[in-house]
Each structure stands twice: as structure tokens, then as C-alpha cells.
């Protein structure tokens, strides 16, 4: 890849973050309604911190940070770098102000472009390029978190503010759910080829799969409503033990962001409170809810290798996704669809290392490897995932109790 | 009191709140670093809510609230009015934005002035006037909380932002601590006369006091440092049992806002981090720390009746206080001083009703009476108390574990 | 007091503890259903520890403790002695076994009797006698706690075991509640004379009291039921703020040990589950509930000085109490009654030092003084208080949230 | 299997529980030092409850339970049966007393033997036999928990009581750790044949394994000490993120039951406090500690399929285990060993269903299936596992934070 094209990609990714922030009020930038939901301002700063920490400080002689304390304030979880400002207190940083954070971004941008321009003559060129690409992908991940964290934090406000005003889709009819069968066999999964991937998508390796069937589309709000109406949240036999404990402890009665008010079935969206559409894919369910729904429906969640095996053979159709919707859209027709662009899809696979997995050396190796316990794999992509990240081998992971992502359900059996 | 003079007082009190907000960044308005430390924006809105709830809604026919939900969002603790937005989540209200809150204030101001102008012809004139006076005093109390809450919330930021840049005093010499004796006798305490007072300052009643001595000034940072250096925070015998539990549980090693860094003794102030001055009154101590200090010093905390008895006979000298300092100032000379204007003074008196106390009827009666358990009385006033509130009979109250007020120590024996 | 009579009192007090333990199963001795409810075995050991620590170790040359670790295991809260086994883990000490604890008691008893016999020749006689008397009173207090802790711990068992099988009283008629008036005046309270008292009953001192009226008997179950039936537990306006928080947090709907099952109004007693008697004094209410009841009834709780003033002039009638009932008994006739022997009576007075109070020196001074914050005074005595402890000046204290004592309500106004 | 041999197995298993209880004091039977560590008395009752609930109630016409409430009190986690006494409060059941629980066991035993004798003529014979076998295996599992729960609960006592007095081994030399290699290939795992297995050991299925090496013995105390001495508990880079959080939150500095006192390296065992032996297998480590140790040692934990594949080909040597040791014993010689009889071995495999897994119908299906989230597989068996349960396909599972089992480390790479 040419230095020039890297610079282009860097600049456009960085600019996109400012673009998606435009609808915000200044007061929204500091909002953090839960430990996991970082404020917009923090995302803007942390994604700059990543470039500063892993590129500018090691590769630019005499690089001067704007403010030494930012190393601590905007470190997410890299113990190899040093202390971190407590995660739950990111919303308490009224300073640096938004203007100061934007100045920090500009400072990092200038230094990065200089570094990249000089990279050709630089002995560490390969490291610089590969780390820049990683930083770009990292920033894209935070652009997705920007949306889901913001949605969560706005939902804590009884005024239900909207991020944008365009209405969500309405009145679509639900397409019938169809099953496609796949034969048993020894398959290969994991990334191959020259394109970018994260370390945990490697190495490509063999897995034996029994024959299985996969649903052609995601489970809809209406179908999930039937599960709720069948008393699912009062029936322990449908749930994993830890899932049932989560239901009790958190008093769950339906997906996050469902709002029932005065007899109306509503859903909080990035467009504010909207009527809940029956055909729209259900979203913001935990892994436990996805698992219980599948059990109730006489099915199960797919294994990650099953999902990848199917996705790898359907690349052309399924990558037609877009970030403009800000909300999942209904299925159309009976083809296999909604692999990307609507909701992440919970799998039954625990997040664990592929055989032979080796994380990168140093602090940057903390990116993925250290999270390989207690989390579950989600596959695909959502309505707020940058389209460039949609690929069959992408491994997303969250705790099965987590619900603030656009996480939905695709059944297998 | 004439309607005109009430309007003047109303307008100037309301304007003062905007004045003291001027040094803030927009991002500071939403800051809440603990459940007890409400954001500036919330104080601005709640003090308006008080007028809206207790005056505009009951007395203005056809009054239209700007936004019906504000009744819930900006209700502090009045169960008689209805539900309250959870106290710990006031910082999550990025909306209404600052501009919207200022518009709310203006809306209330216009309606209040109209109401007051028409009050002469109004059957409920007396209620309107007395409630307006209460609302003004209420707003002044929140102007004090604005400072202490803000100081606390800013202190959670490792950048230690300052509210204003003027430096605190430096290098004063410590005046010797002198004792004045008072004879035993049956005294009267509680408010008398025509001036405003809160309900719990009544009724005036008789109390028998043994003879006692009171210190002429507050305990200083340097004196408190000697207590710390004597191992006080490791010596349970100096503490009340609940105080010792608080020390252990919160890992207290000194007053709130003391910062020891790289061998430097600093103090976080509204002017940012400053060197800790030995002669300055110690502040931000809990009642437990005040009590333990007194025990260590061979003295005790005063009873509220003792304090009031002394203050009542020193009115002329002691009301010379000002809000401009933003930090306690050292004693000067040997007279009895620092009754007001520097730090609130913990007493050993639990907050309880005076014999014959009767709270107001209705929700407004929740103002003071329902807090009469587990809290301790503080007397005097601090560097951020509006001077108009300094009076011998004023009863301030906080939990003995609370430290975020400008709370200091005056000894008795 | 003669050494002989002290020995008699010592021996009979120690023996009484074994007598009241007789109905227990071995398994009951280790039972601890809450941090505050110590197991019977622990009470047996701790009351011995008190004599060992404050008499045998300082006064008996060459005294050999049975097991050095008991110094830690059976220290309740004396920081001056050293570390304490965590209070909430007293129930985890299956060893020492009951037999070993009884051997420990016998070991201490023998050494104590020897020490007392030799006391005449002993230079520290006065200390020995006065500490022994304190140890005896201390053991009597733990005999009361034995009953209330045991009752609480047994109540956690869905089988509702009984301590004894004799039935509680049944079907008494409720006597009308009468008021007696008292004039205003300067009175003296606090202990006087030669008899034993705790340090915090001193010094005797003057208090000015306004005129008041006191109810002749305690509030009954039936009267309290009317308060419950009037929706009191759903009406915040009746409660102190901290009391209302306690109601919400603990989901209180009535007194501790009230059990409503299949439409039957029951009460858990030391005689097991029994029908709830309308005329029986209500018991096991927190200070908050007592306060709210009084407010609802248009009355208030007495001040401790008021209670003492009245009790001091009614000594002869009111000391007719007995420990044999194990449950409060109904009022009979219209005289002032039930001062002792049924339920402790919450006052509105916070527990604080009398003017001039000075605790004993050393660890023994931790007995009372360090608890003088956040607790409320109860006066009188209950059905499980040893009669020898009934006196007008006795100051009992618990947190206003505490309900596991036989704590009831006497109204004032 | 003949009815007679089932009866024999039932009777001897039931009797063994009484045998292993013999060293206890009555007071030990109620001990519960953590929610997870059930009291001996509860295990005795619950294992009887299992037979009563799944055999006597459904299959014996007119069966009379001794006490109806036992259905709730001794239900562990079967929602399909009904409510459960809260797990953390099992230690609060001083009643039923030990004698009453033993009478309950005898009552169930008599009824079970009658049922089994009559089984030949019974239409549901197959269910009765298979459920009885399951009940026997269930009781054996609780006999193992009896030891590990008891050890944990006794460890909360500063007197460190012993269960038995026989000394642990001493002074063994550490054998060198050797590696055995295994080729890649498609293997079969899961139970086959006629013998008993739990539902989650099925179905037998194919798994593709890369080539790997397995250590011939367990990691020793001395080797683990080197890991501790290398600062492992202060080095986040060695740990999974959740593991590091557990280290911080629980202040772990070494395995559970390691005691360092006055410079001595000790270990709490079922024989009381003993010197820590360097050659003895390290035990009572969490999955996180096992994982971190492996990373530090340049190795990894085995996958469960790897472990099973190796164990399946070493059946004859490795089943020589015994319950008499009560503590893991050192390795002898260089052969593959310690598969069973010393410590369970953490794997890196999350506990999840085999492809095609189907739990039993009804409440009995809650036995295993509902726990398939967030737990890790351990393989092998420990010094307190009944030898009859040692088999290559046995899947044990605990949360990676759990440490109170005899859980150790076998490395792979």
C-alpha cells in the first residue's frame, strides 16, 4: 500500500469522526451513563491517544505531547503503557474542553501526516504503516462505539433526546424465515490473504463441523415479542443459569431500549422514541436473551465456525451495508441476508484463541488477547459498523450480559 | 416589606447566580462527581423549579410550564410534589442544554415578576410574599452548594482545573488560640424578631448551659497537620466508633482536598492546586474528624446552644464576611472572630427539633423537618455563604461523614 | 459491698447464663443470622473474656490463658486490647466447640473466685471490686442480647423453631391510652447515690423541660396495625427522610417478626409462631417506625430527660418486671405502667454525652463513649432485661434503623 | 445391572457419607463460610432430597415426606421443582438438627430400598434404575464437595482446625517435567459404551486437533513459588483482563490455603496447617492463575479434547487413585501420571455443549446444561474424588475465579 493511500485513509477516517459528531450539543460530549459507555469527547481523544502512543512517541524524535497527563487520561486499558484514569470516571473530565480535545486531535493529525510522509525514508517503515493501519481500524471501532455508547447515555434521559431526526422505517411486512442446510465436513476458518485483519483472526485453521442449518434472516421484533408474551422472562427453564440470574438481578422484561408507555410499544432509537416495528430485527439483546430465545424457538445459536463458513461463501451479496440508517432494517425477500449492516449476531462460541494464536509483542498485544475469557463471539456487523470492517472472519466479542450494542439473533439448528 | 423591595431582592439574587457561573466552561455545567454534588446546570434549574412549583403553579391561573417533565427532573426531594429524577443521575441530563436552562430561568423570572407586581391585589398576598422570600433564601443556599459541589466535582479531574485564577493568601502567621469563658445559666436560643428565618430556628426556647469556654478562632491547617503527624488516622482511641469505621472504609488520611504530591503539601482550592498555608483555617473535615481533633487537643466541640449564645452577643464584629475570597482566610489578632465567612463549625449537637417545633404544612414542610436524624448541626457560615445568611440562629446540618462543605473546627471546653 | 456478696452475685450471674441456654440444641449455639446477632456460644465466651481481660490478666500474677487466640476471637470491639475477629464471622467458629467454651467459662470462674477471695489483701481491691461489678453488669447485658440475637437468628429459619414452648398471652382487652401532664421546669437527670451505674449515666446535671404529657402505657399491636392499614409504609410524608429511605431499601411493611401468612396475622416469638395479639405492646420497631407512628398519631416520642423525670417519680410501681415472660405483656388498668419489663422505649434524643461526661481511662473506656453518634436513646427495659438493670437513669442506645431488640413505643406530646 | 447390585451400590454409597463425617464435631455440621461452601449437614440432607424428589415422590404411591418444607430447604437449584432456600443461608439452619437430618436420611434409605426391591415388578423400572444410578453419582459428587467445602469453611477459623490428624507427605524430591508429543488429526471425544456417564459427556463426536505436547505431571508448589517470586501477582501482562481484575479485587498473592506466617511457608490442609512441600502439586488455584502460570512458563493450558485424547489411551495406569490421602501427592518417576487422584486440571476450554447435546427432560435436565456459560472445563479428578468417578470423558466445570476445589495445573504446548 502506498504511503499516499494510507494518508488518504487516515485523513478521511479522522474526518469522519468529526462528521458524525456534528449533530451533538456541547453538553452531550461529556455524557457517560454507565462505566461501559464512554463519552464522545473521550472517544475523540482516545483514538488520537492511540496514534500518539503507538506511533508518535516511539517514532518521532522530539515529539512533544500537548499535555503529559493525557497519557493517563486517555489510556483505555493498556497496562503496558501505564496507569489509566478510572473507566467509570471518563464523564467527569469536563476539562479538557471540547475545543481543547479538538486541538489535541489536530495536533496529532499534523504529526501523523508528517510522520507518514517521511515514512519512505524511515527504517521502521513497515511498523509505521502497519501500526497506522491498525490505528485506523481502531478508530473505526470507536466510531461504532460512539454510536452505541451515545445511544445508551441518551437513553438515561427521560426526555429521550434524538441524535438525528430522520424517521426509522415503518410498516414493513415480515418475510418468512427460511433455513439453508450445510453438510458436515472439515472446514478452514480464520483470515487469509493480504488484507488487514486483527491478530485474533489468525491463524487460519481446520475445524470439523457437523451438518447444520442456518436461518436466512435475523429474528424480528414481532417474533421476539411472542417470546416475551409467552412469559419467557418468568420461566427459568428457558435460560442458562447465569442468564436467569441476570434477568432477576437486572429486572429485565425485554430488550434494552424497548419502552412500553401508556399501552404503546415504543423503541428508543438514535432518532428518539419511535413506534416499535414488528418486522425490524430485534436488537440490543444480551447473549443470554439470544440463547433463551433460540431454546424457546426449538433452535440454537450458531457456532462461530458455522457462521464464518456460510458467510465466506456469500460475500458478494452480504456486504451491501451502510452506516446511514442508524437503525436495523427489515429483511426483504427470502435470500440469505442481513449478515452485515443490521445487527451483530450472537454465537454460542466463547471467545477463545485459535490454535496457535500469538498476540503481538508489547502493549499493543493487549488489543485482543487478554479478553479471551467469559466473553462470547458475535459475528457480522451492525447498522453503525463502518462498512470497511464487514468481513467473514471478523470476531467481535462482548460479555453475554451486554446489551448496548446493536446485537441481534440469527438462529441455527 | 414592600412588593418593590421583594422584586429587587428577587432579581438581584437571580442575577447573582448567573454572575457566579461566568467563569465556567459549558462542559462544567453538567459535572456531577458524586451523588451529593449536583451539577451547576441542575442548581440553576432547581432554584427556578422552586419558584415555579410553590408560587407559579399554585398562584398563577393558566400558568404554562415550559416543559412538563421539568417537574420531575428538577424536584430535589419533595415527595409531596411527586417523583424525582434519581439524585445520582443529575449529571446525565445533557439536555436540557445550558441555553434551554437559561431560557427556563428567564421564563420563570418573567412570570415571577408579574406575579409579584400583581400581588397587592391578590388575596393570597401574604403567602406569595413569604414564599418568595423563602425561595430567595433557598436560591442563596443553592448558590453556596454551587461552589462546594463544583469544587468537589472539579477535584475529581487529575488536571485540577481552577474556577478562578486569583491566588489564595500566603504566608500569614498563626495567631495564638485564646479562650473566653461563659457562666452557667438558663439561656434562650432560637430566632426572634421580624427578620426571615427557617422554620427549624423556631420556637425560641430556654436551655440550661453549664459554664464553658470557647476558642476565639478556628483550628488552622498547621494545627491539624500536627494531629495528622501524631498518627491520628491510625489511632482508634481518638475516634468515635462510627468515625473510625469511616476512616477505615474511606481510607482517609487527612482532610478532603488536601493533596500531598512529590513532597509538597498542597490543597485543592477554587483557585486550583495551591500550597497549603499553615495559618489558614483547616476546612473540609468531617464531623468525625472535628470530634477526633478536639479529643486529641484535650477539648471538645461546642454545643449549638453554646455557639449561639456566644454569637448572639458578638453580632456586630462577626458579620463582616464576604463571598469574594472563595477560600477561608487566616485569623488576625486575638479577638473572637471567624464566626462567619470562613468555615462552618461542627457542633456536637445532633440535628433535632426544638421543643414545640412545627414544620410548615404541605410539601414545603419537607424543607427541614424530615432531615432531623443522624445529622449534626454546623453553625456560622463559610467563605461561600451569601453574607445575608449569616446570623446567630442559623442551623446548618450535614451527616458527620460529610466533608465537601467548607466545614472547619472551633473548639470548646 | 462485701467480697462475699460480690462472689455470690458473680456466681449467680454466671450460672444464670447456663440456665437460660438449657433449651438450646448444640447446633443453635453457633447461629448468627446477621452481623449484629452474635451466636450464643460467642456470648458465653465473650462475657468470660471480659473478666479475663480486665481482671485476670492485669491482677493475677502468672495467669495462664487457656488459649492465647481467644484474646482476638472473643474481643468484641476493644481496640485498646488489640485485633478483633471480624464481627460478621462469629458464626464461623465451629471451634472452640461448646464443650471447650464451657471449659473456658469454668477456667475463668475458678480464677475469678480465687481473685475475689484474695481481694481483701490486695492493693488494687477497689479496682478489682468495681471492675467485677462492671463485668457482672456486662454479662447481664449479654444475657439480654442472647435472647434478642437468638430470636433474630431463629427467625431466619423457615421452620420457625421455638426457644421455649409455653404459649404467649391471649385475648386480653386493650386498656384506653391515658395522658399524664408534667409542668415545665429545671430538672436534674443522671445517676446519683451509691448504686452501680455506667459511666454515661453521669454526671447528674440540670435540664430545662417545657411542660409535656406522657402516655400511661405502650402502643399496642392493634394500634400499630391501624397505622399500617392507613398506608403508612407507602406515605413518605409520615417519615423522616432517612426513615423513608430505610423503608424503601429494606422493603419494610411492618415490624420485624410480624408474619402474615395465608390471611393469618402471626408474630414470631421465643415461643415460635403465635397469633398476633391486638392488646400486646408492639415490639421490634425501629426508631424510624416509632417516630413515624408518633407523627401519624399526632404525638411525638419523649425526650430522654422527660422519660427519666417521670420514671424517677414512679420507681415503686414500675420495677415489677420479670424475665420469665419472654414476650411483652398487655397493659392492665389505667395507671402509668410498662416502664420496664415489656419493651424498651425509643426516645427522640440522640445518644450524646452529658455535660462533663468523662469515659474511664484505657480500653475499658470504650464501653460506651465511642458510640455517641448516630444512635438514639431508648429508656426502660424489656421482657428479657435482667430486672436488676431496671432503673430510671439507664441509657440504652441503638441505631434508629435497628429492630431486633424488644423495642416499642411510648408516646409524648 | 441387577437390582441387587444397585441396592448394594446405593447402600454403600450412602454409608460412606456417614463414614467420612465421623471426624466432625456436631458444631462443624452447620458451617458455611461462603455462599459456595455448603455445610456438611446440608450435603447430607440434599443428597437425600435428590432421591426423595426424583424417585420417591414420583414412583412411590402414598409416599409421606418427613417434613414438607424440606422440599424447599434442601433444593439446591432445581427451578423445575420450585423455590429454594437461599444458598448463602444454608448455614443458618440450626434446625433440623443433626439427629433430625440423620433420621431423614434413614427415612429416605428405607423407602429407597423398598422401591428398588419392588422395581422388578414396576412398569417404570428403567427410569427407577437409571435415576437411582444418577442419584448415587450425584451423592458421590457431594461427597467430594463435602471435603472441599469443609476445608474452605474450616480455613476461616484462625485456630485452623484439622479434619484428620495424619500428616501429609514430606520432603519428596521433584521429578523433572517431561513432554509427550501427539500428532494432529481428527479424533473422537465423548462417552461411549454401556457405563454410566452424565448427559453432557454425550454425544461422542469428532474434533480436529493440531499436534501438541502435554506435560507428564502437574505443576508443583515449588514451581508455582518461582512464579510468585517473579512478581507474577504484580504483573498485569501475564494475566487475562478478567484474571487481573480478580487479582486486584480479591488481593490474591498466591493460591488459596497458602499461609505465610512468621517467615514459614505453610499450607492449610485437611490435616491442619502443614509445612508447604515443594514437590507437592500446587492446588487451589483459579483458572486465571493456571492460565497466567502457563503463560509465564511459555506454555498454555490444554484443550479438553487434547486432555481426553491422551487420557483415553492411558486408562490402565492412571486410575490408580485413592481418597485416603486427603491431599495431593508428589509425582514419582517420569511416566505420564497424576491424571486422577491428585488435582483437577484446568483446561482452556469454556464449558459448552457438545454438538447435538440434549439435556434430559424436566427438572432433572437442569443437572448440567444450564451451567454452560462462563465456566471452564477441568479434567481428571482429585484426592477427594471418589475413584469410581475417574474416567477420561468426565467434564468438571467451575468459574475461572473459583479456587476452593483441589484444582491444579497441567501444562500443554
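To keep things simple, chains are lettered A, B, C and D as they appear, and every chain counts its residues starting from 1.
What we mean here is this: a contact is a pair of C-beta atoms (placed from the backbone, for glycine too) under 8 Å apart; a residue touches a chain by one contact, two chains touch by 3 or more.
Just so it is clear, the model here is predicted, and its values are computed rather than measured.
A.B. asks: Can you give the shortest number of steps from subunit A to subunit C, where adjacent chains in the path must touch?
C.D. replies: Minimum step count, subunit A to subunit C: 2.
A.B. asks: Check A-B, A-D or B-C against C-D and flag the pair whose interface repeats it, over half of the contact pairs matching by residue number.
C.D. replies: A-B
A.B. asks: Distance between subunit A and subunit B based on Cα centroids, please, to the nearest Å.
C.D. replies: Inter-chain centre distance comes to 46 Å.
A.B. asks: Can you work out the whole-Å distance between the CA centroids of subunit B and subunit D?
C.D. replies: Centre separation, subunit B to subunit D: 59 Å.
A.B. asks: Distance from the CA centroid of subunit A to that of subunit D, rounded to the nearest Å?
C.D. replies: 38
A.B. asks: What positions in subunit A touch 2 or more of the other chains?
C.D. replies: none
A.B. asks: Building nodes from the protein chains and edges from chain pairs that touch, which of line, ring, star, complete or other describes the result?
C.D. replies: ring
A.B. asks: Quick check on the complex: what are the subunit C residues that touch subunit B?
C.D. replies: 77, 79-80, 186, 205-208, 210, 236-237, 239-244, 287-288, 291, 348-350, 352-353, 355-356, 366, 370-374, 400
A.B. asks: Would you tell me which residues of subunit B are touching subunit A in their complex?
C.D. replies: My answer: residues 25-31, 33, 41, 67, 69, 72-73, 85, 89, 91-98, 153-154, 156-159, 161.
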